[in-house]
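Next up is a structure, given as structure tokens.
For reference, chains read A, B, C and D in written order, and residue numbers begin at 1 within each chain.
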């Protein structure tokens, strides 16, 4: 991997981290309607996967989707505006945090129904196959989602039709307050791949380079018509599940241990030590990112809310 | 004009649209060359268009519809066959939360051109899990269009419109209609959504009936005619969009309305039609509205029981007589 | 009498019935000690009754409801919590085809004493996948009972009735009702199904409203009173069974009917109520029926948009004025 | 296994076979409304499993359920009457072939929705656990059903809660016209057990003794609170899927090979050769079975249809 790429990865991860910190702050100021599910702590997954994707590749996202959007190349300002319910947001304020999409960059949208994205990603894979392009789809979902029937049905279909889908399970150990160990006997969700005859890989979800490599391999297989891969990224969310969750169900030591393995800090350290990148350069990037986020926030704050009657638009396609 | 069956009319629509548009493809359980559809609608299509475009699937209703959604938002025009309408219950999240809402939630960024074909209705003694009519559920979910052709002509024309459109369409067929015959033009044609058809003109009472019930309503109208009652039979052809104007003008003319539809009475199709008239045209009514539907029971297996719960000519005539 | 919240009232019902009857148990996602329910209804219950009877489940809505069905037909009284009503779509086969139909299909051999508690409704800006109201779907499926309490008193009393009964009950709560307070008796009581409650007597117009909308209707009634309009506000408390008699006698008295319910207008709760009156009591009406519901759109996220689609006092008052 | 047990097994298998032949015949005479899914060819599965069950154990069945009913001990006459839509049938004619139940013997009913039985069986298992009895549940389903989301959700739940359920997959290679190889990459469905951390066993579904043993083992585990087992029985249906299906999608040689492994003939042969049972004894049993079936048919034919208005009964429980 060349330096430019490494730095780009760092920048993206930083963007996500700072973006989420800002969302958290704005939330405290009562500027974010509804609820939020922050991605902080899982940045390595979205970025490690998406850095293998082209603009015309697709992703399918979840309720915890800000990171996926940014990693795929969504604009910070329109993302933030959507989260604030503004007219200038990606979905004109209709979707909000849990339903961001940007079809112009292959971001096929987030669904707030846990597990509902897997069949949709499979369908995008089928579409690629039928259209005969060499695109791929990355489908993000959580450990909790892997107990939904859709997980089973969709991966099986992708397997038998050899569809170009990367099923990326972000195993952050919890689904709301429910620990993985309560709801499945397996330790490695990746092992479920064997039920469909496809490869399954468990990877350190806080190491962006590991993820990058695994996703690269899976991407190659996909583009080569060799079918889907199930990638399990073991990671951790830094905050509670949603708005008011203090996450007291997580043992303190566990939280501490994971925070020490912060994917961003680890990668920064690696860049400085093994990557031959200079601190000043990273500081510079950090400043740029902060500026970009500030300007996104300003854009979002300054943007108007949609007009109420716009609620009646966009239900049906144009042909009616 | 040619006379063909409803089943063949559907197949012609599929075949012609697939011929014309490469992005149109079919998926569903046992629609391919081994079985060719539980009701044989896709007969010969796998041979003609190949297994890739006429795609047998595992028994995974939710993922089938979901896959169609994913294909629809990435440039394809999928047509799903769900073997029995009762089984759409398994895919209801993908239908009602995903397909129906994606366009709206994402601020109009994308269309979801997707057709879900499925047979509803009773009459063949296959009991509670294979005989329901759930159109009312779909009507209740904004974003979905709901078509329910009652003739071969409409079957072909409405299906073509559905396929050419940009919205998810719940295309509700009826098991007992597949073998019925009717005339269709030789050339390409479509039937627009939202345009009701008066199947028989009359002036004493309006019978609004859907799908297979149109034929029962026409039969009732013929019998009533002998008694000197002039019945107008109206077929909405699509429930969403609904041709309110035609419904209301017919009620304005006749002053009396009987609504006939399979599916359970409570909160069913007949409820919405009655409500529209009670809200927008009550002054034209000279009598209570009558609803003829299934009583609120599951569909029983045994023939005498099933016959008892399904709406028929007799019950329609009785309803008409009660308000004439 | 004590004043407690709707949330606490529900919890008391659960707790008291669990205390009384060993076969009653709870299952659902995050209802146990770590989270205690997304809306905290089950707070403290796991501690009190143990993890076996207050059972956290994987995210598997279909199997959760299915498991409850299996438990119900083998001697237990399961109470399922589905975290959001929108997610019942994932369990619709188990709800509508299994739970609802098992007793009938099997010729009455077995009861299916099962309660599915789930919150519906908008108003908290959580968009299209977490804000729907789907009671109309359940009404359409025979075999299911549908309760929708609007007060703490009813929440407790109806839930007890639901738990003690032998039928599958869709117990529809409302997100905005959880914190509201009301009086309940100190001693054990139940609220029967199928008995509507007149929340406010009046003679000029009947407002039939459900769940959270009762409070909007009462607010509208208060404001209309100032203008000299006397409004009768009726709360059905259960939609299945429906207290038709009380509805009709109120309409007979007032001659005017406004129906208010969240959920989309088309083929929704308001449709059935309008249809019942159009069929059985049209002669009492002095004006068209009015329906106040969500327009046919998904629920949008942004506050001004969401406010625009949800029914409110203003729209209720407007509807009343249009027919007064 | 003692001789009496062996003979009982044979008798049950024979009952099912002859019963199904009769149903087929009556069908030809237009006495069976609707459709039918015959169990002939799969007798070893139902009998091998159910002979391990007590009367208070449960089974959950499918659209292809006559064999399950008879194996669990349902009366032939009431079963036949139900199939003919008669008032004297198990469900008073409301259920028919696809919805037979007999709660008095723990037959919790057949569902015609493929895969819908698995969660119900899991729930019966949960009920057993909560009531603290030592019953077990056997849940029958097909190869096709194993691609439903409910398979995944239900088995996972049974696994984590260690519920006493035998998940019995009758892999007859086809789901209607769809061959197993078209819809999954695995050859052995039992391997899917590993996705849930429970044992999975593939067994010759035409050998009743093998099935008996495997089910015995699984039953012991279940009664011992060790949790569920996935048992895959490789078998074959002798007829088409349903009424009018000529099953031409099955290669002739395949059909021939499987017919040669008829479970009933094999077991008969084994009884005579290894089991020390005499032909005359088996002939006697055969006669008894034929008589029993004849009398069931007579009962069913002679029974009245339900009165039409009975259609309105049994929707709700008594309390209303």
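The working rule: contacts are C-beta pairs under 8 Å (C-beta built on N, C-alpha and C of every residue); 3 or more make two chains touch, one makes a residue touch a chain.
Nothing here was measured: the structure is a model prediction, and the numbers come from that model.
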item	value
Chain hops separating chain D from chain A, counting only touching neighbours	1
Interface with more contacting C-beta pairs, comparing C-D to A-C	C-D
CA centroid of chain B to CA centroid of chain C, Å	30
CA centroid of chain A to CA centroid of chain B, Å	40
Centroid spacing, where centroids are CA-atom means, of chain A and chain C in whole angstrom	36
Touching two or more other chains - residues of chain B	57-58, 60, 62-63, 86-87, 90, 93, 97, 104-105, 127-129, 142-143, 295-298, 300
Set of chain A residues in contact with two or more other chains	91, 93-95, 99, 111, 113, 147-150, 153, 156, 160, 182-184, 315
Graph class of chain-chain contacts, one of line, ring, star, complete, other	complete
For the chain D and chain B complex, residues of the former touching the latter	33-35, 85-87, 91, 93-99, 111-115, 144-145, 147-149, 175-179, 182-184, 249, 305-312, 315
For the chain B and chain A complex, residues of the former touching the latter	23, 25, 52-53, 57-58, 60, 62-76, 78, 93-94, 97-98, 102-113, 142-143, 145, 164-167, 193-194, 241
In the complex, chain D residues that touch chain A	147-153, 156, 159-160, 182-186, 191-192, 194-198
Residues of chain D defined as touching chain C within the complex	58, 60, 89-95, 99, 101-103, 108-109, 111, 113, 116, 118-131, 149-150, 153-154, 156-157, 160, 313-320
Partner chain B, residues of chain C touching it in the complex	62, 86-87, 89-90, 92-93, 95-97, 100-101, 104-105, 127-129, 134, 136-137, 139-143, 240, 263-264, 266-272, 274-275, 277-280, 282-283, 285, 287-291, 296-298, 300
